[in-house]
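Two complexes come next, and they have one chain in common, chain A, joined by chain B in the first and chain C in the second.
Moving on, here comes the complex of A and B:
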């Protein structure tokens, strides 16, 4: 005790200490993981494992069979429309071969009575005045078209059968170059457009052709891509069987083969990654909830183990299982390490959400609902944007988009990976943190309503007033996910309608995230119920949120703001793109707004639930009004 | 009581969410693929090259495509760069064929719409050209009959959305049975049977029927909601009978695997796989329940479809009897 040792020594000691603790923690975690694995192996005896494997293999075989017959085997729409047609009609074969159409005798009165939906007479399709009848007529027409296409396949005279050959090119009309081109051309365009004389326009066209040859490399990829999609498309749509192969060496084909950019095949494969995850989380949820039944988890709790190592140990085998299955699937479907790296954060989110669900649920039934709700939500969140992979940059909010791109052979930058998976990594971390907070005796073995557990979990993360700010910042990933989801849902609507809706929902999400833990703190009597405390807490929450929100600056790294909606959603978060004069004001205005609204809700929260709800509504209204004002001002 | 009601409300919300999302998805996709369904959307197509007049005629008969004639490819290219046209089709006659180079902008949602219009225009051109050369063909193509404009969502509503809404409660009800039976085992509450005036059969029976009864109730609710929303539903009674039969089958499977494994993890896994397997198998078979639902709801069912429904009901009754017999042979206190 004679004076403290020099700084380097203390530092080394601290490091050694931390390292030793880490080793200890890891060892304990691994022990729990081993125990969990062996227990699971006991439960799944050979017979059940065999039955499960057999069933899984059969289901897989069925889906492969269904897909390989081009969906023809899955007769969802078989014979849903009844068409009256005479056997001597030239269209008879077309209608007979068509899957959704059922052949019926031609009869005018049957059409009137609704016994049949459409009637082919001569070259006309008669139909009744009903939706079904019109749909039946349209289906008949497309059946004839398909029939024509199919018959052409067996024609000897290829030139006559396929008189039109198409090659499709995807070209970018770059903003900058086009704008320059237009301004440079404006004087020459009027006079030279039709005659195309003059040096300036010649050089202009040269530059534009250079531009297009520049894209040629990209074009080549695009053409190859559509080729891929064709074969994938043939999997799904039995439009005109075969496609490319039947055209021999031709690189381009009949107009019927043009497939709009839609990564169907890759999407189905991407979905294959999610299916096993759903099974694993079901088991995971069971084992977590099992600990809580009949106080079974008590033994682990009293063992010299920290809750984190218990939870990490119990989670590890399942995370590894998912990783293994994902790798296997990636190998099977031809995905690279990127696919695995993209699916893993998604799987973590599933596990984290299931863990929290198992901590909150009171019975298996409740857990089933929680699991179903979560997996539906995460699956749609991951899957729906991925459909638009080739269409809009907003698709990048989902890690599955990365998988689709990987399967298509397209490159993904590190920034894009971070953008797509970042909120999943952070979000899972926060969820685990919340769940571990209630991994203690008084919460594990008691029956409480889910909302109360939720408040408990939030409250367990609060210590002093400052922790309010931390929690606000931690909520950012969820706010982010919710906002992106709203953008994704609303981007299909016209902007006049979607913009106000978007601003209002963003305000609601943010106000909720800023206030719910403050409410939890008050409800658990952690804070003194006074207006001054409420204002202090509100301010802390607002500052935490504001600082965390700056993280959304990452948005600017990828080109999401290209979307008009994306701009509206994130411009209001205080990254001004306006002139320098307004910049400072725009930077502090959001902070002020957050402080005002958060204090408002905190005051409401300090009274009771009803007032909290009321103050939340007021805060959302204020926030929406502010957002609208900013958008109008920026525009 | 309130607790179980909350569970039902949650179940309904989940299903509503799924239905809303899949409808949103389809509406979005269909409007991408069928721009005619989006009001007043036109794609301007620049046309140039040797066969430009043929192409213009073809484009005129395609709704949503507006052809603009250019004398040279360069003029068309310039108009494309200036965003005056959405796509260029440059034509070229070689070896008795028309070679078309289609240039479309690599942009965003509009690309899909544009490509679809380009395809429709070119298919129309192909059709016309085939007619001109029909004497060189062994079987001349059939003339395309006219058809009225119809909602592109019509088929989807009946073949996908309604089966989804009707079968989802079925799957969930089976899962619920697994939960509530295995929970009795795990909590050891079946011990109480020794002193209770109830047999295991009574208890399992109650659980099975309660869960299986929930599914038709939810299905009925969906049918009412859809009808109110303007979707005509035919044969609601046969639909509900089918759903009830399916629910009994699913719940029966749930009871069976729960009794065999007595543990939730394994039981749920086996149940999910079993239901998937049964459903996939049934869908691939000629008596696909999905197709039966579609044909019943759309109103084009014949006697054979009704017979299939009767068959499923009979199967459910037999399965129910089988499960009861199996439960009767299990000694509740031994598990």
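Moving on, here comes the complex of A and C:
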């Protein structure tokens, strides 16, 4: 009896074939990568390469040396003021240890003659009638203050040194305004808070004390702890360095010394990871665009290689170069594998964006514009949230925050890593997918405006209604990033203003993501221009988006929903706590909304560009209204 | 070796190639001729697997044209083949040999042999520093690095000087003699006529004529007869006197305006007719007028004349010839 082979055999054959294809693909990709490396190396002569290496090494060493001085810099202000002081003066050590002050013999005539700038006489600081002399006196007073602070910090008897302990808690604007509403209530609320939270207050106090006694401990680790305790929605005390960041690096001091927590050193070091990436992507963008100039890449397309092999092979050397440089920087600045693992998805995003830019740009001039625009956007997106590493969990939208925390010695959970980097990995993958879609003769060498190329790239991934759903789902990382960015931008505004703005922005982002590829399909005559086709495509787009949207449940891994704005932004994507019926309703209500609005925009897209734009405006309005209703219902 | 059936390519609403069908046998040089925008390059690129057809089928060396496996059997030379200018001819050919899985020793031997045949020296010079002719030779060598069965050459002599052009044409003949199948496109119809075994003429995306050049001439061309008489007949022109040295015994000449021997002092009259029956009419009329027919010459159209006639006049292709 003849027939097809048994299932296990077919499965084994299938696996063998797939493995063989993978091996073949890898071999060819590595071959392209090897030649790309060789060609790139050939472009630079040895002298240029040597000079570049030397310059990079010098810059690196200088940066590390400057940062390793712990903010002391390169001592540009050393011995700029001459202070007359006797060796037996109680202030002698303070002046002697101060960097800007130079010790001179105490002599009033010298002060008059301008040979010294200030004179310490008993408990007084004398100065001449000049700006320089007055500045010298101020610097002397400051030096004494700093000296006293150091002495107090080294005092074993903490109670004697700091008899008053002040606990500082950051509160959201909403809480602050409520408490200021009526003074009686405010005090009552504050005291209720204290009472109700008595245990944790005590615990916080202990934590503060502990921080005081060990100012080197726990950079950041305490952030999560304190944040967890803040179930009332108030932001945690950023107990970085045991509260040290509040006092500019000290855990104790006067109220005047209180400064917002700002991880300056770690942030600058984290930024150092991004600098070489920007150089590498310039070279990468150039080599990718070079394939398009004068149809140079045509011969690779006619070789027995797939476009993915070509793109992967040409990208691999640059990705490895970034990985190597990142590892080197991590070693130099004291970062660990976490820093490298956090920077890598960021670097991938740079490469992916540059690749897409090179596929869309018509000239090197246009590529430069696209690359710089994307680079500024990604850098801003990565850098700005990282500034708030010690303040709010929203900082975790940036992988750079992980680097800062790594440099601070704080632990990062797998969930936090996934949250911070997931959208970068997925987003990069989707960008490469879109770029590879137009890496073919018909698109690679045509000169069209960037928006039209974007539509071409979307169209290249469309084949039927299922592909519409798939693309909608694949856009989720970008929607996620855009929504997080909106939250990051708006969270500092009063909630009354930021909430409506946020909901409208989110509606616009989502409606655009659900419809733009449908419009691309109609614009390229891929789909029949009829209302029924548009409704079907809109429905598929909505379903794909709805399924992908559920992926944003990843925010449950971090504390973002505890932010009022975070809750509002993602209320429709997570599982809200409104009971089983309500939950089911809120689970499927978004699907209904997506179907309605996506069908609306699809119908507009099936007509022409103007009607598409008009339908998009209407869809955004409907979506915003829905978002407001949900937020009100959940509240 | 190449079989094309009802091939079609449409860009948006624009039809670039419509219903092309032809076959090319082993070792044959097959020409594709047509004015700009006729669909020649699109056809060649569909066969090379670079452009996806909208309809129809194309097989090359036994593979579907869009099958990546086909590319190992294909040598493609685009009309413009900018090279990686920072590479040398040797490193460039090694790179492509590597992509085609050609073993290193074999690649070196094959590349050196081809470069020898193409008489290309300076094999370690940067390609960016080479002349256009030298670059074209490197591009041709690149198309042969995988020892393909099928060669698709799009304007291989485009922009080259006459010496290099003749060299390239001769080399193409050698490749066909060695058993390679060559699909050859050119604007210069003399090149096509001189090397191609068979030709298709394309216009506005469609094949408008096909066959060997004599077959096309027979089918689409018009043979004319130049009848020279000693007396005027209806429709004749007097031929200028005083021309020396033309052998009037020649029955056929290619140039119809060749002067006629009138050294005996007798006037000559020429009548151009399209049919042999008309020649007989001229003879009868001349004899009835007391004269005689002294010479009859036939004129056959060149491929260029046929092309211009078929493709719709000089404006479509003259500029590139």
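Note that in this section the second predicted complex is superposed on the first by the 425 of 635 C-alpha atoms of A that agree within 3 Å, B and C clash if a C-alpha of one lies under 4 Å from a C-alpha of the other, contacts with A are read in each partner's own complex, and residues count from 1 in each chain.
In the analysis below, a contact is a pair of C-beta atoms (placed from the backbone, for glycine too) under 8 Å apart; a residue touches a chain by one contact, two chains touch by 3 or more.
All values reported here derive from a predicted model rather than from experimental measurement.
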Partner chain(s) touched by A:304 [first = chain B, second = chain C, both, neither]: second
Contacts of A:442 with chain B and chain C, given as first, second, both or neither: second
A:384 touches, of chain B and chain C: first, second, both or neither? first
Comparison of chain B and chain C by chain A residues contacted: B
First (chain B), second (chain C), both or neither touched by A:148: first
Which of chain B and chain C A:294 touches, first, second, both or neither: both
Contacts of A:28 with chain B and chain C, given as first, second, both or neither: second
Which of chain B and chain C A:135 touches, first, second, both or neither: first
Common interface residues of chain A - those touching chain B in one complex and chain C in the other: 43, 293-294
Chain B residues within the chain A interface of the complex: 7, 10-11, 13-14, 17-18, 21, 24-25, 27-29, 31-33, 71-72, 74-75, 77-78, 80-83, 95-109, 111-112, 115-116, 118-119, 122-123, 125-127, 129-130, 132-134, 136-139, 141-151, 154-155, 158-160, 163, 172, 175-176, 179-180, 182-183, 186-188, 232, 261, 263-266, 268-270, 272-274, 276-277, 280-281, 283-284, 288, 290-291, 294-295, 298-300
Of all residues in chain A, those that touch chain C in their complex: 28, 31-32, 35, 38-39, 42-43, 293-296, 298-306, 440-442, 524-525
For the chain C and chain A complex, residues of the former touching the latter: 12-13, 45, 48-52, 68-69, 71-72, 74, 76, 78, 80-84, 86-87, 91, 95-96, 98-101, 142
Complex contacts: residues of chain A adjacent to chain B: 40, 43-44, 48, 51-52, 55-56, 58-59, 62-63, 65-66, 73-82, 90-91, 94, 100, 102, 114, 117, 120, 123-125, 127, 131-132, 134-135, 137-141, 144-145, 147-148, 151-152, 155-157, 159-173, 178, 181-182, 185, 189, 193-194, 196, 205, 208, 215, 218, 222, 254-256, 258, 260-262, 279, 282-283, 286-287, 290, 293-294, 363-369, 372-373, 376-377, 380, 384, 387-388, 390-392, 489, 492
